[in-house]
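Listed below are the structures to be examined.
Next come two complexes built around chain A: one with chain B, the other with chain C.
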Partner chain A sequence: MFRHNTLRYTALVLLAAGALFQAFTAEYFGLEILTEILILAMLVLALDIVAGFGGMVSLCHGALMGVGAYAYAILSTKAGIAPPVAMAGSIALTGAAAWVIGAIGSRSHGIYFIMATLAFGQMAYSYVFEAPIFGGDDGLGGISRLDLSVIGVDLNDSRSFALFCLAILGAVYGASVLILRSGLGRSLTGVMHNEQRMRALGLTVWRVKADVFGLSGMIAGLAGALAAQHIMYISPGLLSWTVSGEALVVVILGGLGTLVGPLIGAAAFVVLKHELSSVTTYWHLVVGAILIAVVMSRANGIFGWIESRWGGVFDRRLADATRKQEPEEALNDA
Partner chain B sequence: MAHDLGFWTLQALNALQLSMLLFLLSIGLTVIFGLMHFVNLAHGSLYALGAYFAASLAAVGGYWMGFFLAPVAVAGVGILLYSGLIKRMRKSGPMAQVLVTFGLIFVLLDLTRIFWGDLALAIDVPTLLGGRLTFLGVEYPTYRLFIIVLGLAIFGALAFVLSRTQIGAMIRAGVDNDAMAACLGINVERLFFIVFCVGCALAGLAGAVAAPLLSVTPDMGLQILIPTLIVIVIGGLGSLKGAIAGSLIYGFVQTFGAVLAPQLASVLIYALLAAVLVIKPEGLFPAKG
Partner chain C sequence: MLETRNLDKSFGAVHVTRNVSLKLERGERRVILGPNGAGKTTLFNQLVGELTPDSGSVHLAGEDVTALPVAKRARRGLSRSYQKNTLFDGLTVEENLGLAAAVHTGNATQLWSDSLAKPEVREIVEEVAEQVNLMPFIHAKVSEISYGVRRQLEVGVALATRPLVLLMDEPTSGVGPEMSKGFHDLLNNLPRDLTMLIIEHDMDLAFDVADTITVLNYGEVVFDGLPDAARGSSLLKEIYLGSWEDA
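Moving on, here comes the complex of A and B:
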């Protein structure tokens, strides 16, 4: 089960403080990057819930985010539905799609589950690419942001939008912790460690997997709806499998199954990407090399490494906890 | 659209040609997976490397030099990858392997961009295979027929090696139960190494033969990866029968889907894959019963 400890609280406070500092001091470009980080952070939280606590390594979360973005764009621009309702609708739709994927994929394990999710993601990608209503290769533009003028906030201002995304990310983090601490979340971790045992205890395994995958999909859909509002333009590239792959990379770089780690990973990834692409066009090379090094080092990402090295200094209980859960095991379970 | 016999023959030949290209790629990937339980997402990048080596060599010594030497060069890259990375990742779980090879895709993608640039390269069809042949009442480019024949020849050769020779028996034993095979005195590690190299060489060969048909671009490896994965998952991991069946299914569904139901064509193959995963999660012809 997911537990907070002193180190995780410290990291959360530092991250929130950093985000707030950036939100109030940065110029336009810095705010755009901050918003990009915050939206990616939501997506990787969704992925960490299923991959880190359920062993369901998904290669369709990028596509789910794209489904959320397209659902919001279609509902708000073509169907003329008010943005708040369109947002709720896109979250519900993405959640439902994810639930179905989770239910169908619940019989597959390991590499087969990865392939199954990849197939569903690609299915969504090619459908969006081909169907005329989605604008094909050209994408869709003219997407409006939520109107919060009732409470005196103009979301078309990038500072307000960044703060808005930060608030939502905080809520998403809280919800993720609640999900993982609920009976459902505990059952999920039980299923990850030993599916047969949980079945023998009378649990309907596929329902647990489908339910959590659906909830995770709702978070991805929310991230998608925000991404659509952020850039105000969407293209099928959002659903490409490489986006899902990058999300997985971020989770691994940050620390699988730590929730806090992927947040750090998201910040590190976006900053690294922007810094490197301003220096060289070959930033994929560096990111790829870092990924290979992190996975081969057998540490559980940046945060997992920090926890195993300094966690015990802060917290005695953690010193035992990290020893019990080797990252190697977490990777092999998946 | 003239739906006469010639039209169907032409489409069937197109489907067959696509199938054979995918077969060359998927056979290496699937046997590597079946034998080593290793998921090599970078297999598509090796195919792209094959195409680039072929293009460079063709510029120096003509098409056939590229055709014969590109697979050797790609196998050389495979040896480097094997001794540098893959040997150490053998005991890790599938997720770690997926991630390392995903990182490798990034690295190889940018390395090809650094060495060969972003612009697409093109190589000419060799003069020997340049024309058209009349085949079953239709005119068809000789080069595409050559790909079909090459694919069938490699299928035949692999089928013979796997079912009739001693090394084939050793590979089948390794796929079936590697621990038991090792107990019986088979050097399973060396077997893995050989199979890995042959798989890489076939990926390079696929790249070399595909180069004159498609333009050679850095992302051609990414584009072919998903079809290849679909082929091996539909066919079942680890078996020759699965690879050829999956390739034919993919080639025909894709080609005839594009002709008969253009709106549905791209979704069709993924729906088929989803159906296979639901009904037979291990694929149609898995290596293990």
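Moving on, here comes the complex of A and C:
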């Protein structure tokens, strides 16, 4: 089951402080990059829940984000539904789509599950690419952001939108922790450890997988709705399998099954992408080489490596401090 | 409580279960004996639904469960432990028991609360941990406890579903003589209304725990009766017990 430790709390505080510093000090371009990181972080949290804690490595999470983005765009622009309702609708629709994918895919494992999710993702991509309602290759534009003027917030301002996305990411992180610590999350952990035994205990395994995949899809849909509002334009490329592949790269780069790691991975990936692409058009080669190095190091991504080196030190010091304190407290009590 | 009628199973030309009919009364403790390859574990797999019999039926508390999948049979009260540990290695003893108890109490799919924090789950976890002597290890991870303690946990996880019928596949497999003696007490102290079907090679344990004994040979029931009768059975000595008595 997911647990926080001192190092994880420290990393979260540092990440939040860094994001807030960037949000309050950066200019337009820096804020755009920050928002890109925050939205990607939501997507990779969604992927980490299923892949890192359920063993369901998905290659359709990019498509699920795309479903959320298109659902929000269609509902808010063509259907004329109020943006908050459109956003809730897009999250619900993506969750439902993900639940169905999870329910069907739950009977397969490993490479077969990956291929099944890839197929679902590509089906969604092809449909969006061909169907006239989605604007084909041209995509859809004119997407509006939520109107929070009633509380004095203008989300058309880049800084406000970045802070809004940061707040949403915080809520998504909290929700992810609650999911993993719930009865459903514990069962998911059990299924990943030993599916046969969980079934022998009486658990309906496919239902657990489908439910968690649906919840993960809701987070991906939320990321999609925010991505659509961020760029205010969407195209079928958002559903491409390469988006799912990149999300998987980010999760592995950051640290699979740690929740904190993918956040670090998202920041590292987006910053690397922007910094390297300004130097060379072959930036993918560098990212690829880094990924290979991370995988070959046998550490669980950047955060896994940090945890393996310093995680014990943090908690040992804490334990030592607690032990030292106990005799003193006992003497004081006496 | 548990009944099989003419259960039959083949893998190609190998006939592993031959027309097996068993009937266990509520609270009965039956030990299944038989040499390696006699079809004991295959029979278990058919009872719990991990294998589908070619013909015949399985009845639990009067209900025909032959067509039911594993999870549904488990929810109706059929629980098993495995010959090889099938525990959740990265989790603690408490969490292992909690997973099983959460399924039994309907908390395994709850989204709004931690199943292990539920009073009804904690009650089962603590009760089972006491029953199988796991309280000293309750917060230890499975990877941190000895093999023998893991065998106790293997039984504990099956018990935490509060089964009507508990199937145990060689619960003392691989444990030393001292710990094996501990298993005598452990099994004898389980609630008397719990029906148990046990595959066991440890003859001392088998005769100590069993109310009745069934002997399988080449997938066929060759003896079904009381322990005393089993001890005196020449057929049994010939196919299985000879080496034990000689020893």
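FYI, the second predicted complex is superposed on the first by the 315 of 334 C-alpha atoms of A that agree within 3 Å, B and C clash if a C-alpha of one lies under 4 Å from a C-alpha of the other, contacts with A are read in each partner's own complex, and residues count from 1 in each chain.
Throughout what follows, a residue touches a chain if its C-beta (ideal position, glycine included) is under 8 Å from a C-beta of that chain, and two chains touch if they have at least 3 such contacts.
Everything quoted here is computed from the prediction, not taken from an experiment.
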Exercise for the section: Would you check which partner chain A:210 touches, where first means chain B only, second means chain C only, and both and neither mean what they say? Expected result: neither
Practice task
Look at A:250 in the shared chain and tell me whether it touches chain B only, chain C only, both, or neither; answer first, second, both or neither.
Solution key: neither
Exercise for the section: With the two complexes superposed on chain A, say which partner A:184 touches: chain B (first), chain C (second), both, or neither. Expected result: second
Practice task
Identify the partner contact of A:93: answer first if only chain B is touched, second if only chain C is, both if each is, neither if none is.
Solution key: neither
Practice task
Spot which of chain B and chain C makes contact with more residues of chain A, would you?
Solution key: B
Exercise for the section: Can you check the complex and tell me which residues of chain B touch chain A? Expected result: 33, 39, 85, 88-89, 92-96, 98-100, 102-107, 109-111, 113-114, 222, 226, 229-230, 233, 237, 263, 265-267, 270-271, 273-274, 277-278, 281-282
Problem - In the complex, chain A residues that touch chain B - result: 57, 104-105, 107-108, 110-112, 114-116, 118-120, 122-123, 126-127, 129-131, 241-242, 245, 248-249, 252, 281-282, 284-285, 287-292, 295-296, 328, 331-334
Completion exercise
Contacts from chain A onto chain C in the complex sit at residues 1, 179, 181-184, 186-187, 189-190, 193-194, 196-205, 207-208, 211, 215
Completion exercise
The chain C residues in contact with chain A across the complex are 48, 50, 69-72, 74-75, 79-80, 82, 86-91, 95, 98-100, 102-104, 107-116, 118, 157, 161
